[in-house]
Amino acid sequence: MKTGTLVLAVALLAYPFVLYDHFYWDIGVGLLLAAISASAWNIVGGYAGQVSVGHAMFFGIGAYVPLLVFNLWQLPPIAGAPLAVALSLVLAVVIGLPTFRLRGHYFSMATIAVAELIRIFIGTWDFVGAAIGLQGPAVGRGWWDLTFRSELPYYYIFLVVLAVLLYVTRAVEKSRFGYYLRAIKAGERAARSLGVPVQQTKLKALLLSAVFTSIAGSLYSIKTGFIDPESGFGILISVQMVIVAALGGAGTLYGPLVGALILVPAQTATNTWFGGGGSGLTYILYGGIILVLARFEPGGLHELWQRLAPRLRRTPRAA
Amino acid sequence: MLLEADDVTMAFGSFRAVSGASLALDEGEIIGLIGPNGAGKSTFFNCLAGDMVPTGGRIVFAGADMTRASPEAHARAGIGRTFQVPTTFEDMTILENVMVGAFLRHPRRADAHEHARRIVEMTGLKDQAGQRARTLGTPGRKRLEIARVLATGPRLMLLDEALAGLTPAELQQAIALVRQIHATGVTLVIVEHIMEVIMTLTQRVLVFNQGHVIASGKPDAVVKETAVIEAYLGHGRRKRRP
Amino acid sequence: MTGPAARLAAIATACLAVMGAVPALAADTVKIGILWPLTGNAAAAGQASKAAAEVAADIVNDAHPDLGNLPLAKTAGLPNMGGARLELVFVDHQGSPSVAQQQALRLITQEKVDVLFGAYQSSCSFTATAVAERQGIPFMVGESAAANITGRGFKWVFRGTPIASDYAATYMRFFDDMKKRGKTIGSIAVVNENTDYGTSVADAIEAAAKKNGIPVAIRIPYSASSTDVSAQVLQLKEKQPDVVIFISYTADAILYIKTMRNLEYMPPMVIGDDTGFSDPSFIPAVADIAQGVMNRSAWDIGKPGSATYLINEMYKKKTSRDLDDTSARNMQSFFALADALNRAGAKDPEKIRVALSQTDLKPDQLMMGYEGVKFDSTGQNVLAATYLIQLHGKKYDLVWPDRAAEAQLQWPMKGWK
Amino acid sequence: MWGSKDNAGANAMLLLQVIVGGLLLGAIYALFSSGLTLIWGMMNFINFAHGEFVMLGMYVALLVVTWLAGGPATFGVAAAFALFVLGVVVYLSLVRHVMRGPMLAQILSTFGLALLLRYTAFWIFSANFVSLPQTSLSGTVNLGGILMPVAQLVAGLVAVSLTVALHLLLTRTAVGSRLLAVAEDRNAAMLMGIRPDRMQALAWGLSAASAGIAGALMATAYPWSPSVGETFGLTAFVVVALGGFGSVPGALYAGLIIGLIQALSAYWFGPIYKDIVVYGLFAALLWLRPQGLMGKA
């Protein structure tokens, strides 16, 4: 276990030097961003089993506020990130309080609806750039603008955030909070009978998840230097988090990272190979892969691994 | 007086599942609830556990009014329950299942772990502690449910058919376990169809039929009452097991 | 758990390495990286523009002496570069700003393209041009509406197409002209789809109308995915403007015309702002009920035998549709880019950039109705202009300005009557 | 011909026109949403590809019109039949295997299906917008001052009738009670000799067929491209959630209400606010009555 983590850490740290090129760095940045967003989603969607299909609402807030403070007051965008986190927390409470009383698909439905509501609303609100969106500083005025020519600084910034998030998730996993989340996912009624404060625990999970999703959004807009309603609050942003996490294994520490390690390069590769042809083959493949995985590996790659691992380990280590 | 349920009524629309049931329980008692299926004992049981809020009546536990309290508040107050159909956390290990209960009185992980280990040992699940709950059979699950509740440190345990579906040998072990739990000072309410359990374990029995308590008293006396026999043979959908 | 993670990381890395291993380019080609939305909601426009770029590349690469003064048509390849041919590398940015950014980077660092071209949606142009600016590669914006794509202090970004304020000014000049001819233009209505395109153009029109003292009776922003627009048409019916300007995509443009017919509402004049009204699906769907609808277009197929007619024939052969204005403007920007490449005489980015900034194409060298192509210091083409065309029968005829007109303007429009 | 500005009667007519138009569109929402609510209620399964079923119904109509020169009745039936088959196939090959798995797998599988269907249509039909050639449903009728396009009128009325018919099928026929028996308790239904797989396949067929007909009806009035399904899918979710999960009458009322609200808010506040009003209402409803209008608590 320990060695695996170490190998992963070294691989991620060394990656930019193995593939020393702007494009690969950019893919690395995209991969880390997907991993951060999906890991953040994983806290509430994976561990607690509350499947949000509207996490773009936190991502979008995280993405908009930094560029908004830049456009309004010429502040460095990163200064908006804490404000975005605060707003996301408020939103999480507003969403969580009513919907966590409900069971089943209501929470999913509510999150979709609220995210769409915000997307449409932002698209009509001139103050935040309406449909056209907001731009960041075209050229950095100093390092504090975090507008770098190279992708490399972003890569390591994102990597640090991912490391912190995984560390926090690991701590959650080991704590009472983490056990309670898993108990809620397994059965709310039983969890309550054992004294688990279900609503409060779910809300705490949503808050923690919202914080990191918001940070992911801030990282995205600062790096991209642009945000509009679709790339901030679009339903595809939410769905991507779900897919990445579910593919790798929702409710496991490294599941979302594994999902990102597979999905992001696959997306880029299919788009690179087939996108220019313009036949839509990219999405036919993408859709097909998701469908086949869901059909044959409903538990994600994590469970496939759990099945295969014993067989693979029959070699020396077994002794 | 540990628990006092007074005139508890639970109506679903015009249908009264429980109609004015009362129960007074002293610390250290073991009592049984019996009656044919659909007699209202499970509903009454759910009211005691906080899973349902009764439409009428009052439930007081250790001096506090629990009538409208949530299930988790019941657990905190010291009322633990098992479920008729086991609801173990399938993807968590046996030990982790028990730890969820243990966390109630032991917020630190190390303490909860330590406490859960003791409980697992006491309930005879030590050998399977590292397995996922889904690998257990029915007897194992029932046992795990009891262990999980025990870990919350209850003063009162409500067992809902926790001993059904066991082989005679398993049943003897289970009865021994319940006795052991009782010996540690836990008060018990048992819903059970198996008369053997009721007769050997309980000190007092309440008989439910059609939402009413039709008889109560010592087990051997109660089973002889005509009303009880009628309820079982006349209206009951289930055969009496002597 | 970490075991597979590490292993999969290795697989992913290998996967990436394969992707990069694209063979290097042949000696005498100039690579143009083109970013367009080939999937997603704007895919139709991206696909049409892709075909247009391919036709344009053919025209440059092969000798086409019949195409008049169009630069580089007569010769094969780029004469100043020893007949070097243009090689197009298309990518699909899927309408996502971050994919546009990433693919622009790939085109530059992996495909080693010499120039970039694209990107349709303003959102994608914003991010893709920023990459070009950082990497020092010239970027020609073929067609994107948002005003501030140029004017951000970028030196590597050029835009060949007219922008929203140009369109607005054209409409105002047209209204002036009409008033002189005794037509009543008491008020106008602006109906716009509410993404960056519709919003930019409608904002510009509203501002210009205010400046020119033409009251805007009502402005109706709406979502292009609307399935019912009767409420909007009824609002127009209530306000009775003399001219209604629609800034619409395809489905909504057709839906508006059909709904107006159904609700028997016809203002004296309807002007479509290109896009949806220029989509090849528009005419077959509503021609018989939209007679006299005007449309903005700098593109005119022209008389048989003319250069534009021949270009349209080539396009038609490829796609079996007529060339639309959006794709044609992209094509014109492409020609301007090719002209600059030729004048640069080398594949040096700085030389190309200087050549682009010195571009000075005259009207007779163009396929579009611009007054020329000449970039100001922000990279915007200052001579870009547009025609107004009108639906007569099953085709659009050029009706304004008078100097270019080939058919009589009908006012008021006939609609379905 | 324009009516006079200060005529209150004309204003009332306009409002009436808006209301009727909204209700007719709402009827179509109701039809395709009733399909979604049916399987949601029966299997507690969210189908993210439902909007794509509507889209496919539209293309089936186009093919029937261009290849077979079929009229509205023909292409309506053809769309229903084709989508029924697709629904059954999707159930047997995909849904059956993931429905008892984790909820995430359900979401993923139908989301993947949605992408697959959308871009297969894209590949076959290209990204270009298409619309049906003029059919016998063209033209307008004047109903006491209210102008109604024939296509919209017929589509709306057919949609209401079919939604009601679906409800009657579920509540008044033997097949319907079997379907509901499976929804209620799969095992008990099996004991009664009902084969749940058949019934659930039938439900998927009916669900997809209702989307297919709705698509064919929409196609008479609305131009589309392969990406049109996304809008319909989201609308259907809101309708189902508003009406109550699993309730066909709920979907009918909710569809009509949403059509009406959209039309009125577009008329009063402007079209960009119509979705804000609908989603805002939906969010408010989640606070106040989370089980939906007709849902069970």
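Every chain is named by a letter (A, B, C and D) in the order it is written, and numbering of its residues begins at 1.
Operating definition for what follows: a contact is a pair of C-beta atoms (placed from the backbone, for glycine too) under 8 Å apart; a residue touches a chain by one contact, two chains touch by 3 or more.
Everything quoted here is computed from the prediction, not taken from an experiment.
Asker: Taking all protein C-alpha atoms shown, work out their mean, then name the chain whose own C-alpha mean is nearest to it.
Answerer: The most central chain, going by mean C-alpha position, is A.
Asker: Looking only at C-beta pair counts, which chain-chain interface has the most contacts?
Answerer: Highest contact count among chain pairs: A-C.
Asker: Could you tell me the distance, in whole angstrom, between the mean C-alpha positions of chain A and chain D?
Answerer: 32
Asker: Where the centres are mean C-alpha positions, what is the separation of chain B from chain C, in Å?
Answerer: Their C-alpha centroids are separated by 74 Å.
Asker: Counting only Cα atoms for the centres, state how far chain A is from chain C in Å.
Answerer: So the centre of chain A lies 35 Å away from the centre of chain C.
Asker: Hey, what residues on chain A touch two or more of the other chains?
Answerer: 120, 123-124, 280, 282-283
Asker: Return the residues of chain B touching two or more other chains; collapse runs of consecutive numbers into ranges.
Answerer: Answer for chain B, listing residues that touch two or more other chains: there are none.
Asker: What positions in chain C touch 2 or more of the other chains?
Answerer: Residues 39, 43, 46-47, 194, 221, 223.
Asker: Specify the contact topology among the chains shown, as one of line, ring, star, complete or other.
Answerer: Graph shape here is other: it fits none of the named patterns.
Asker: Which pairs of chains touch one another in this structure?
Answerer: Every pair of chains meeting the touch criterion: A-B, A-C, A-D, C-D.
Asker: If you look only at chain A, which of its residues touch chain B in the complex?
Answerer: Answer in residue numbers: 174-176, 179-180, 182-183, 186-187, 189-198.
Asker: Using the touch definition up top, name the residues of chain B that touch chain A in the complex.
Answerer: 49, 51, 70-72, 74-76, 80-81, 83, 87-92, 96, 99-101, 103-104, 107-109, 112, 148-149, 151-152
Asker: Using the touch rule from the top, collect the residues of chain D that touch chain A in their complex.
Answerer: 40, 44, 46, 94, 97-98, 101-109, 111-120, 122-123, 127, 230, 234, 237-238, 241, 245, 272-273, 275-276, 279-280, 282-283, 286-287, 290
Asker: If you look only at chain A, which of its residues touch chain D in the complex?
Answerer: Its residues touching chain D are 45, 49, 51, 53, 98-99, 101-102, 104-106, 108-110, 112-114, 116-117, 120-121, 123-124, 235, 239, 242-243, 246-247, 250, 279-284, 286-295, 298-300.
Asker: Using the touch rule from the top, collect the residues of chain C that touch chain A in their complex.
Answerer: Against chain A, chain C makes touches at 1-6, 8-13, 15-17, 19-20, 38-39, 43, 46-47, 50, 89-92, 94-99, 101-103, 105-106, 108-110, 122-123, 126-127, 130, 133-135, 146, 148, 152-154, 194-196, 198-200, 221, 223.
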